[in-house]
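Sharing a structure, written as structure tokens. Questions coming.
Chains here go by letter, A, B, C, D and E, matching the order in which they are written, and residues are numbered from 1 within each.
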Amino acid sequence: MELLKVEDLKKYYYSGLFKKEVRKAVDGVSFEIERGETLGLVGKSGCGKSTLGRTVLRLLEPTSGRVLFTGQDISGFKGSALKNLGTRMQIIFQNPESCLNPKMKVYEAIVEPLRLHRLCKRDEERERVQELIETVSLSEELLFRYPGELSGGQLQRIAIARVLGMKPEFIVADEPTSMLDPLVQAQILSLLKSLQENYGISFLFISHDTEVVKWMSDEIAVMEEGKIIDFR
Amino acid sequence: IDEETEGTAEGAEAGEGSQDLVVGVGTDVSSWYLDMFASGDARFVWAQVYETLVRLDSDLNVIPGLAESWESSDDGKTWIFHLRENVTFHDGTPFNADSVVFSYSNQSYVRQAVLRPVQSVEALDDHTVQFVLAKPMPLPFYLTHIAWPVMGPSCLDAEGNFVKPVGTGPFKFDTQAKDQEIVLTKNEAYWGEQPLLDKVTFKVIPEAATRVIALETGEVDMIIKVPEYDVARLEAEEGIQIHRKLTTFTDFLQFNCEKSPFDDTRVRQSVAYAIDTETLVNEVLEGIGEPAGGRAYSPVMMYSDPDLETYTPDLDKAKDLLEEAGWKDADGDGIAEKDGEPLHVTLIVSKGVWAARHNPMAQVVQGTLREVGMDVEIQVLDEGAISKLESAGDFDMILRSGYFVWGPYPRHFFVHHSGNPYSHYNNETYDQLVDEADMTLDSQEQEELYHSLQAFVTEEVPAFYLVHEEKVVATGPAVNGYVISSEDPWLNLSGIYLERT
Amino acid sequence: MWRYIAKRLAMVSVVIAGVTLVAFSAMYLAPGDPAEVIALARYGDDLSTSQIETLREAEGLDAPVHMQYLIWMGHLLRLDFGKSLVTSEDVLSEILQKLPATVELAIVSLLVSLLIALPAGVLGALRKNTLLDSGCMFVSLVGVSIPNFWLGLLLIWLFALILPLFPSFGYGSLEHFVLPALTLGSSMAAVTARLTRASLLEVLGQEYIVAARARGFDERTVLFRHALKNALLPVITFAGMQFGYLLGGAVIVESIFSWPGIGKLLVDSIFARDFSMVQGCVLFIAVLFSFSSLVVDILYAVLDPRIRYDRSD
Amino acid sequence: MEDLNVTFKTSKGPVRANEGISLEIREGEILGLIGETGCGKTTLGKAILRLLSGNAKIEGKIVYRDTDLLSLPEKEMRFFRGKEIGIMFQNPSACLNPVLSTGRQIAEIYRYHEGMGKKEAEEKAGEILELVGINSLRGHDYPHQFSGGMLQRVMVAIGLALSPGLLIADEPTKGLDTDTKLQIAELIAGLVRRENASMLLITHDLELAGSFVDRIAVMYAGEIVEVGKTAEVISNPKHPYTLDLLHSLPGSGFRTVSGQAPGLLSPPQGCRYHPRCSFRLEVCSQVHPALRGFCDEHLTRCFLSEKGRRKETAARPSLTLQSAPSGVEKEGAWNC
Amino acid sequence: MTDLIERTVRTEKAYLAEKRLSFGEFRKNRLAVSGILLIAVLCVLALFAPKLAPHDPLAQRLDSRLLSPSLEYPFGTDELGRCIFSRVIYGTRISLGIGLLVVAVTSIAGTSLGLLSGYRGGVLDEAIMRGVDIVMAFPNIILALVIAGLMGPGFSSVVFALVFTQWPAYARLVRGQVLSLRKRAFVEAARALRPSSFYIMRKHILPNCMEPVIVLGTLEIAHVIIFASALSFLGLGIQPPVPEWGSMLKAGIPYLRTAPHLTFFPGLMIIFTVFAFNFAGDGLRDNLGQPADQEVLSR
């Protein structure tokens, strides 16, 4: 059985203060992802990839359509089931600079999901954070800085470390390496890949770098104007 | 009056410029009709527009008003008033017996209150009115109250709705802007002495401090109710004149004589001995007013007993009296006890217009009583709360003022009459004396009765009378010829003329 | 947005019902027998019990509280505000007479306070930790600490007596506004200024401000075109609340300056237990208040495009 | 730039984000700046315009057309920002004002700098949006309504709006699909060339750098480790880091290098790359190499090249140094 | 293994150092320190009032009324000849107590409701905000009257009345902040962790909207102290002659022109308190996780 199944998902944005404007960011998308598989998602800038990624996780309420995770429709999830979902499905955001709470130090940002979901004991916490930050090739000296004091690439890797700490089953990776130099990018991508191999993580991998997408993905979906026009 | 003002009239002619007087008052006139009490400073304005049948001069002697003379039957139950002729209301309608009947008809609220004993008011002829009472009563005294004047029936329209004030007074109503000002103009057809002013504007200035400044800046020519603490300063200012006169108002501490500790006369007397009313006047009221020392009737009032023995402060005596009553400080904390209960009493002060003078007075009382071993708790409350506590008898002392509103008004002593649900004092002798005094018409007898009542109150202390209030009016540099009158809600503008430089 | 506004307008009636109901029942819970207090105000001290009873019956004060409220509501639906229990004045006309003075004063005071507060707050933020900033801070802290009654009298004394520039009391011409508006405005200005400063400091620390500077804009442009709009959100909320407060609460200033406003009317009516007048005032204040809070909410959405009320994404 | 040092004061001590950077950008030139993330590229770019946050200390000299920017008072600095030196920030979602429509943010520039009317400025803003491939109607939209790539392009539009004399572009093409990327890159480069302006292009995209850039500077841990003509550096990298970087491209095998970039709080002694370097020499861990010419305009900061030895990828050179690095300077025999 | 232990120890140290450091920063902040010192002074005044006051604050000496400040009476005497200095010192207990308690309770309650309202939105928001409208439009005096009638005078009834009337300000203010904060990307990112909304509010939204609350709270102290005295005239709470700054101010108003020291000194104490809490508040705000470099770079 597939891990994630998306059926005819739609997400429209409504805007305008007094007159309504509708933007169909995701307009009827269906796909499936098997356990341990990666679906690459490419498409022109602004075609709706990030929106799709966020809607799949129900960070945005879909306008219509269903998302099935391990066969269950996640739109009905509430309470502890929903909380549980947090550790199972995760997202690496495209814009790390605004995704970290400006008043939380890096350490707190990474430790937050661990504490929240009680993923490790209190006394192992520091060690775990240390480990995580090193897996994304960052030095521990960054731990006690605020996000405003970090470089773009460092932020991006912290966002990744934060997600990896939860050992999710499914990750939406929205251009996770856009700010990294090739060397580090290679490190991070290999890390993701090895994690996938070891733990059977599935990815929805959004990227513009065809080489990277090809290297990462089992299948590639091409999006245009809110619709998937091709699977490769 | 005529003789007095003649000289000043010339002055007015000599004075240049407009004769528009501006007076600062504290509250607006909210009602112009006799179905309601003219509260607050409204009466000062009413006094210019309306007139009463009987009047008081500035020293509180009864003189003819709209009635030229009056007489009563021997039993005092029938009163006949002979009205002044050739008087017209402001709208030109003639003043006659019908208007008196109209003014004291059943719709006037006084008939429901103090004039309840009046059974009928009838016009005997065009200028004679007869009041028939259920019991003997010195009616003319009552009819001096400016809140119960004679109004023209034409102040009502055909449906009986009030349209505008129609009186006979020296000034006519002109305009009113709610809570801002009331403008009156001279009544050219006034029956009495012509006012020298053309126009009087009453400006509503609720805050006393602002009122004082408005006088100092010249925005108003005259202010009433000048705060005591500003008097000395204003007096020293050039051009500003302070007019003071003792009034009938007296502040007093009313006791709840129905419950311990004040059900014991000795305890009340102890309070009377403890409090130095002279200090109150000198130190709290800046020397404005006269110490009462327990005397109920202000010296200006008719029947006030000049030889009445009042209290002179004596702390030891006060303590002795308390001890006699069983209150003794056994544990040395400065508070007396009886049966293990400390002497703890509440003193209620109203948050209303009197607060400014009553608050410090109450604190001085508190401080003084503390010295004889009484622990006083002050509660500043609004009228609603006070009336609740009062009807429930849930208090020990109330500091109040103003029961004795004006003139020789016999009803004053009803404040401690057991028939008054708020008196909290039951004494048959007292009740009897009051009833008798109220029904006596012979002034000799009246005087005797009132003297004995004053003596009774001083002796038995249902309330301890503290200070006879002084009325303070200040006038600006332009004002000439003002003569202050003792009658408080009365503002006598008759002799005033302006000289502006 | 239209739908939101419509919804909010509908809500106004809920607020009105709420405020008036609470006010009505509270007035009943307040100590004292209303009939007695009203009679006291109507007839003076010389009361007889029968007068109280007559009044109680005539004014329907003998009915159960909830009935009285419902009856009042019923009249209200027919746009009948009733007559004052104390003075028999028509409630509606009395309020309409006083409302303009109150609203005018509220608006002018708000403007005054913003005129003082915004520049002070902005200067404080721009010259953070300088003498100027400390000066602004000092003045504003002193400003909040001075009670209205003190400041009001001080201003009258200074600007009416010592320097006879403005009238000491009254309502009418433009000059009459100066002192009361200054009194009210400056005590509000303090908080607004501090809020503006704090909020602006936060915004000035944002990256997009650096980015705006990078475009070569002078500080004025950065401030006015880029930072202020963001920084204004809390300020607007506060100003909106202050406006609401001014509509009903400026009693002290009204009486110091003899301002014929609704605040004093309301308070006097409360103490006189003049139910119908209290209800009328409360109703008008509630309506105005609801409008000001709606305006604030709309301003939010206009100022911050991320805030939308119709649909939650 | 001469001997530029930037240090950030942090609770843990100073972070030396830029150390001893001497670099020149010539008139009409596009200089590419590549390097490990967090090595100080953005810091360098911002330092030129003095836009670093409050805890930064800048030392050294930055001269722009005969003006020492660091000694200017803040007021005058303004005249250099935007019109003379433009910058495209790396993080568009934080650098755009959330409460102003994008169109307005662009139009503002025209109105301010060129004194255009409102209408005109808005039209110009629309035009430039179209130029970066965004429908001009979207100018009414606010930043949060844009996709990541679109924001990136808005940043580009803002940077280009004034066609500055020197453009600092911090990863202007990240997050764009290949077509758009090329299009944007061409647009920027075209504009720069047309106006005979200069540009500092910070990027991680070596291919892009390869095709658009005149010279390349490579940074590592706060230092410039290699500078040279693009073709030179790409085809003939002199510093092991540059080499590793090139090898890690997906096209060339995705090879990773073990270890992580050193923290800038306490960078390793000696050569900063030595812990990860596969050609590590003994001296590398002790002595800090200087940046010196290897051949005409090709400078590098590596002891290997000092001996004039070209690295061979396979062999591990077993060279030892005869003299202290300070003496090496005089050696003139540089092979090309 | 040893490596691991060493590393743990190292981070541990770093972590602790971090904690200590933020206290250090706090100390460095001169303003905050002076604020705390001022508050300490106030607390000392309150605690040791009987020791510090030279006279009995209630003792009247009618023969020495309205005296100007002198050695015997450092702040002069009031209209009943009481020592203003002693009264001001004793007043610290009541005024500071009321001010602190009310501000603490209202800011916490108001902030929580504002958070809920802004973050949850929908019916709850509507309900809370209409509640706010009702309370704010509702004349406070009625409330004070009712409480005075039902609870009788006392410290607790003043506090209750003030709390009830003052919370909406915080609620509205916070809600406004929350409305825009909840649309920020980092909140969405935090939501992806699927915590409870309570958690998001507490950890992510609250710290970012404390600024105006602190500003309002530290300034509200003054209003509360003054307002408390207004209530005492309705029979609520503190009754004369108990020394309390607001009431002292009010009682001194008639003497504004003849004996200004009656109002000056209690007024000064209110200002003093407001300064103390503002300085401390500013310090607190700077330590609330404001990155040092987020400051304006104008030099």
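By definition in this document, contacts are C-beta pairs under 8 Å (C-beta built on N, C-alpha and C of every residue); 3 or more make two chains touch, one makes a residue touch a chain.
A quick map from chain label to UniProt name: A = ABC transporter ATP-binding protein; C = ABC transporter permease; D = Nickel import system ATP-binding protein NikD; E = Nickel ABC transporter permease subunit NikC.
For clarity, every value in this text was computed on a predicted model and none was experimentally measured.
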item	value
Intersection of contact partners for subunit B and subunit C (ABC transporter permease)	E
Between A-D and B-E, the pair with more C-beta contacts	A-D
Chain centre separation (subunit A, subunit D; CA means) in Å	28
Centre distance in Å when subunit B and subunit D are each reduced to the mean of their C-alpha atoms	91
Where subunit C (ABC transporter permease) and subunit D are represented by their mean Cα positions, the distance between them in whole Å	56
Averaged-CA centre spacing for the pair subunit E and subunit C (ABC transporter permease), given as whole angstrom	22
Touching two or more other chains - residues of subunit B	209, 381-382, 384-385, 388
Subunit C (ABC transporter permease): positions in contact with at least two other chains	30-32, 153, 157, 206-207, 210, 304-306, 312
Residues of subunit E touching at least two other chains	14, 18, 145, 148-149, 183-185, 253, 256-257, 290, 293-298
Subunit C (ABC transporter permease) residues touching subunit B - in the complex, by the definition given at the top	30-34, 36-37, 40-51, 54, 86-89, 94, 97-98, 153, 156-157, 160-161, 164, 167-172, 255-258, 260, 264-265, 271, 273
Contacting residues of subunit B [partner subunit E, same complex]	208-209, 227, 229-230, 233, 279, 283-284, 351, 355-356, 359-360, 362-364, 366-367, 377-382, 384-385, 388
Contact footprint of subunit A on subunit D as seen in their complex	8, 10-12, 34-38, 40-43, 53, 55, 90-94, 133-134, 141, 145-153, 171, 174-181, 204, 206, 244-246, 248-251, 254-257, 259-266
Interfacial residue positions of subunit D with respect to subunit C (ABC transporter permease) in the complex	49, 51, 53, 78-84, 86-87, 89, 91, 94-101, 108-109, 112-113, 142, 144-145, 158, 162
Interface residues, subunit E side, partner subunit C (ABC transporter permease) - complex	121-122, 126, 129-134, 136-143, 145-146, 148-150, 168-169, 172-173, 175-177, 179-180, 183-184, 211-212, 214-216, 219, 222-223, 226, 246, 249-250, 253, 256-257, 263, 267, 270-271, 273-275, 278, 285, 290, 294-298
